[in-house]
Amino acid sequence: MSHIIILAVLDGIAYGSLVFLVAVGLTLVFGVMRILNVAHGSFYALGAYAAASLGLGLTALGLSPWLSYPLFVVAAAAVGVVVGGALERLLLQRIYRHEEALQLLVTFAVFMILDNAQRLIWGVQPYFYSEPLRLLGNVSVAGITYTAYQVVFLPLVAIAVLVALRLFLRHTLAGAVIVAVTEDREAATAIGVDARRVFLITFIIGTTLASLGGALAAPTTSILPGMGADMIVLSFAVAATAGLGQIEGTAVAALAIGLGRSFAVFFAPELEVLMPYLIMVLVLLVRPEGLFGKATARKI
Amino acid sequence: MKQGGKWAALAAGLGLSLMLSAPVLAQQKPSEIKIGIATFTSGAASVFGVPGKQAAELLADRINKKGGLQGVPVKLYFIDEGAGAETLTNEYRRLVENEKVDVTMAAISSGSCVNLAPLAEDLKMLNLLWDCGTQRIFEEGKHRYNYRSQANATPEMMAALLYLLKKKPDFKTIAVVNQDYAWGRDSWELFSAALKKLKPDVQVVAELFPKLGAPDFSAEISRLLAARPDVILSTSWGGDLDTFVRQANQRGLFRMSTFVLPLAESSLQRLAGELPDGVIVGARGDHYFLHPEYKDDADFKSFVEEFKQRTGSYPIYPAFHMAQAFAALEAAYDKAAAANGGAFPDREKVVDAMSGLQFRGYGRPITIRPDNQGLEAQLIGVTRTTSEYPFPIIDDIMIFDAETIMAPPGKNSLEWIQELDASFLETPAKEYKHGK
Amino acid sequence: MATHSSLRRTALAVAALAAIAYPLVTGSSGSFLTIVWAKALPVLGIILLLQAGQVSFGHAMFFAVGAYTIGFIGRAMAGGDLALLLPAAALASLLAGLVIGVFVVRYRYIFFGMLNLAFSMVLFSMLDKFIHITGGSDGLRIARPAVLGAAMERSDYETVLYYVSLAILALALYGGARFLDSPLGHALKAIKSNETRVEYLGISARLVLLVAYVASAVLAGVGGALVGAVQGIATPDYAYWVRSGEFVFVAILGGTGHVAGALAGAFVYEFIRSAAAAYVGDTWQMTLGIVLLAVILFAPRGIVGMAAELWGRITSASARHGAASPEAAPDAASARDARPLRIVGGGR
């Protein structure tokens, strides 16, 4: 029994790490820009496709598969800067003055377009690139084989991203500017902060994190059209459970939802899919601002 | 007066809607036979839908090169099952009512078939269930306009089970990892019911139904590694099957258990190097690009080669299922014309010709039973890596005749399974070894 | 004034007559339009909530409740009767709306939207998972019910559904317009502009929102039941977040300033969707996405807003020619004044 619990914990951590990477990007964008980016899942999918394409390119060129690790970061940043940057500059900038529902719908429309675009670019056959998974080999826990990629590498990346984000926001000037805009946009603008730039940078960071999640998921999964649609609700559930805009909270919520899911697989498989949403509903009913969100005074 | 503009907008909207939706009254052209085909061109199941569509285009070109069906060329209309149930039914109606198709081939998903078969019946439209697997449709009602040009879930599962029991009779535990939808559930219901009847001492150690399209099976695989089943069954397909196989292979699950993957023929070319030897794989019928009985047949070879040349891949089972539907249609027009004194038959005469129809796609000949279900043999074997192809082929093939492994007409499959006894294990099959 | 009022009435009467005559004249069962009538209902529900500035990204759950209700009852009663099924669907969605509404009306803006989404995803997962009860992802078949005791052929049944849907929609549009003009409707709109002031007046904002929420749930439920009845199937997709998103999309497309936006939006949406599926095949999603972007960027007041503006221009033009009554100009001005709905951001 106890070793089954260890297995469930390991699976939960591996899954939660990946979900965290995507959800933290979503929550960052919302925290700063107050936009819930429905197309966030599309960036996850784009990151996965880009990573697999680059990886397959490595194989085709006969280069070392170890290069795939830095390439994943390159792929994610490229998607974030090019697609994310273009989206913010060309579309979102026009709608910051619109009401929230319209902003949400713009990202919904982008989601539909990007989802379709993936199918046109990469076709419908599943892509995969599992070389990086094999490179790191296996580890054995309680007599059960795991891939080091999933139970060691992914959690380490998640922790690194968490620490880096925290350091960036708390201990760098650029981070301080972002926090300032988040706290009080008007005051920040009044003292000379360029909010447009802050929004652009934030959006690029957020979408890069989503595509990094996709790129890192690429070796473990089949890359398919439509893979972003489920990811968006899942990362949304995580972000909402934590409280939108809560970075450390997102890590805790991602872990909780990852563990909830893996324990469900072991002890109550029927609840597996339901788990994240059950957790989300229960948390929101008790604390609508999320586990770590600050209750804001009611607006008059 | 303030409301004036808005009411006018409402009225204009209504008027507009009526003008635009009036059906286009097309003239019926006896110059072509219009075929409406429902297939997946979006979504995960497009791994089947797109090869099916490519096969249909290839076959239509071939038929038209020969001069068409009874001298009339065919024209294809495709609708997307991936667009959702409402769009699909609307599109199906559009094909029937506006495009005036002469015959439809629908569909891949059992859900689509359950949805469209009654509609075809009401619209009096000849429909060939070209790929969907559910055994329920013809077991639960009589049809005049719906026919299945291929097998159904029952013989597909029985062939896999018989192969397993013949090749590895002494297993004690089994686990299942199927996609959580009707096919995954139904196929396990059939398989497990027959297993219980034929080998009651086998213990089911895990029944896992991850959701359709799940991106990750790590927790499922951990649980299987802990449960150590002798046999693992999965009727999954597409990206789900690929992901499961790759994660399981990486973590050594294949070394521990015998895998039974009745749909894996459709993934073999993608899973090159990831699927070890000795895995039991099926093809949902007796079709395979290296079919031991036909692979040297000139017509068969030219189909396989042309498909490979056009698409870059060897044909997989949906391509063969499509070929069967076209073969059925061709045979039906020929039979109906013969019964019509050689004159071109009208639609109802073609429907009449469907019952008892015999035809051959690129496998053994198929007969339509009195309950409109096709009798299609089943091919099953194990994976083997060879130097001839960059992906595993199917070896140690057994081919079962359809009639021996499926419920007779009018009989419910699960009831039929309850009547099975040990003699079922003796069901004969033709066996083939690669290269011999 | 009289000229315009009678013109408006004539236009409305012509449109209504055309809708009524359509199946008789063309001999078609008009299932495309039946879907439009049915899908305009949940969109109308979304528009009601939008008056209070609240966007639900989970209303597909009530749509599914309606469709599955008639599926379950139909299965238990060998088809059942339409006259029983539709009220049952309305009742089930009313109860569901009440139970969920009690929780969600405590929240506003993003929290309101999120909680609705969460509830709908729970329902979606359950419909998908409990396959032995719900039929799982292949859906629940809805057998053709009798109508007032009479068994029907498909074509007659579809004609009945056409008129039933049209009648329900007409009633709902009329009721919706009356509701928004009532004191309750004004209180609803006041929640958006200043909720505290609503409460100073001694009105419970939560109660007002609950009434609108339950009404929107019933509209969505009846819409779902009608679509299910036309399609003959209910699938978990009925509750998926993408469909909830579509309802909001259609509301914005049609225009949220007027109940007619629901009808205009539903028609144009379904038309584009089926035209795109028929003619651009593989890119129907992209086509819809681009249309949506274009509407938001260039016509944020939706189709009804555009039509009203156009009407305003025509009447002011004819006023300049002296052909219309002098009231025409103020009318046009009021049309231009009709601003898009303003939804105040929660945390800003």
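Going by the order they are written in, the chains are A, B and C; count residues from 1 in each one.
Following the convention adopted for this analysis, a residue touches a chain if its C-beta (ideal position, glycine included) is under 8 Å from a C-beta of that chain, and two chains touch if they have at least 3 such contacts.
Bear in mind the structure is a predicted one, so any value in this text is a computation, not a measurement.
Novice: Select, from A-B and B-C, the pair of chains that is joined by more C-beta pairs in contact.
Specialist: B-C
Novice: Which one of the chains is farthest from subunit C, going by Cα centres?
Specialist: The most distant chain relative to subunit C turns out to be B.
Novice: Could you put a whole-Å number on the gap between the CA centroids of subunit A and subunit C?
Specialist: Their C-alpha centroids are separated by 33 Å.
Novice: What's the distance between the Cα centroids of subunit B and subunit C, rounded to whole Å?
Specialist: 38
Novice: Touching two or more other chains, which residues of subunit B qualify?
Specialist: 41-42, 180, 211
Novice: Would you give the residues of subunit C that are in contact with at least 2 other chains, written as numbers and ranges?
Specialist: 128-129, 282, 284-285
Novice: Among the residues of subunit A, which are close enough to touch at least two other chains?
Specialist: 119, 273
Novice: Quick one: in the complex, what on subunit A touches subunit B?
Specialist: 3-4, 7-8, 10-12, 14-15, 18, 119, 123-126, 128, 130, 133-134, 138, 144-147, 150, 217, 220-227, 230-231, 261-262, 265-266, 269, 272-273
Novice: If we count contacts the way the header does, which residues on subunit B are in touch with subunit A in the complex?
Specialist: Going by the criterion above, the answer is residues 41-44, 46-47, 49-50, 180, 207-211, 213, 215-216, 218-220, 222-223, 225-226, 238-240, 242-243, 246-247, 250-252, 270, 274.
Novice: Which stretch or stretches of subunit C touch subunit B in the complex?
Specialist: 1, 4-5, 7-8, 11-12, 14-16, 18-19, 22, 26, 28, 30-33, 35-36, 128-129, 131-132, 135-139, 141, 153-155, 173, 227, 231-233, 235, 237, 257-258, 260, 263-264, 267, 271, 273-274, 277-278, 281-282, 284-285, 303-304, 307-309, 311-312, 315, 327, 330-331, 334-335
Novice: Give the list of subunit A residues in touch with subunit C in this complex.
Specialist: The touching residues are 34, 36, 38, 91, 94-95, 98-102, 104-106, 108-113, 115-117, 119-120, 185, 229, 233, 236-237, 240, 244, 270, 273-274, 277-278, 280-281, 284-285, 288-289, 296, 298-300.
Novice: Given the complex with subunit A, which residues does subunit C contribute to the contact?
Specialist: Subunit C reaches subunit A through residues 50, 55, 57, 103, 106-107, 109-111, 113-115, 117-119, 121-122, 125-126, 128-130, 194, 196, 241-242, 245, 248-249, 252, 282-286, 288-290, 292-293, 296-297, 300, 340-348.
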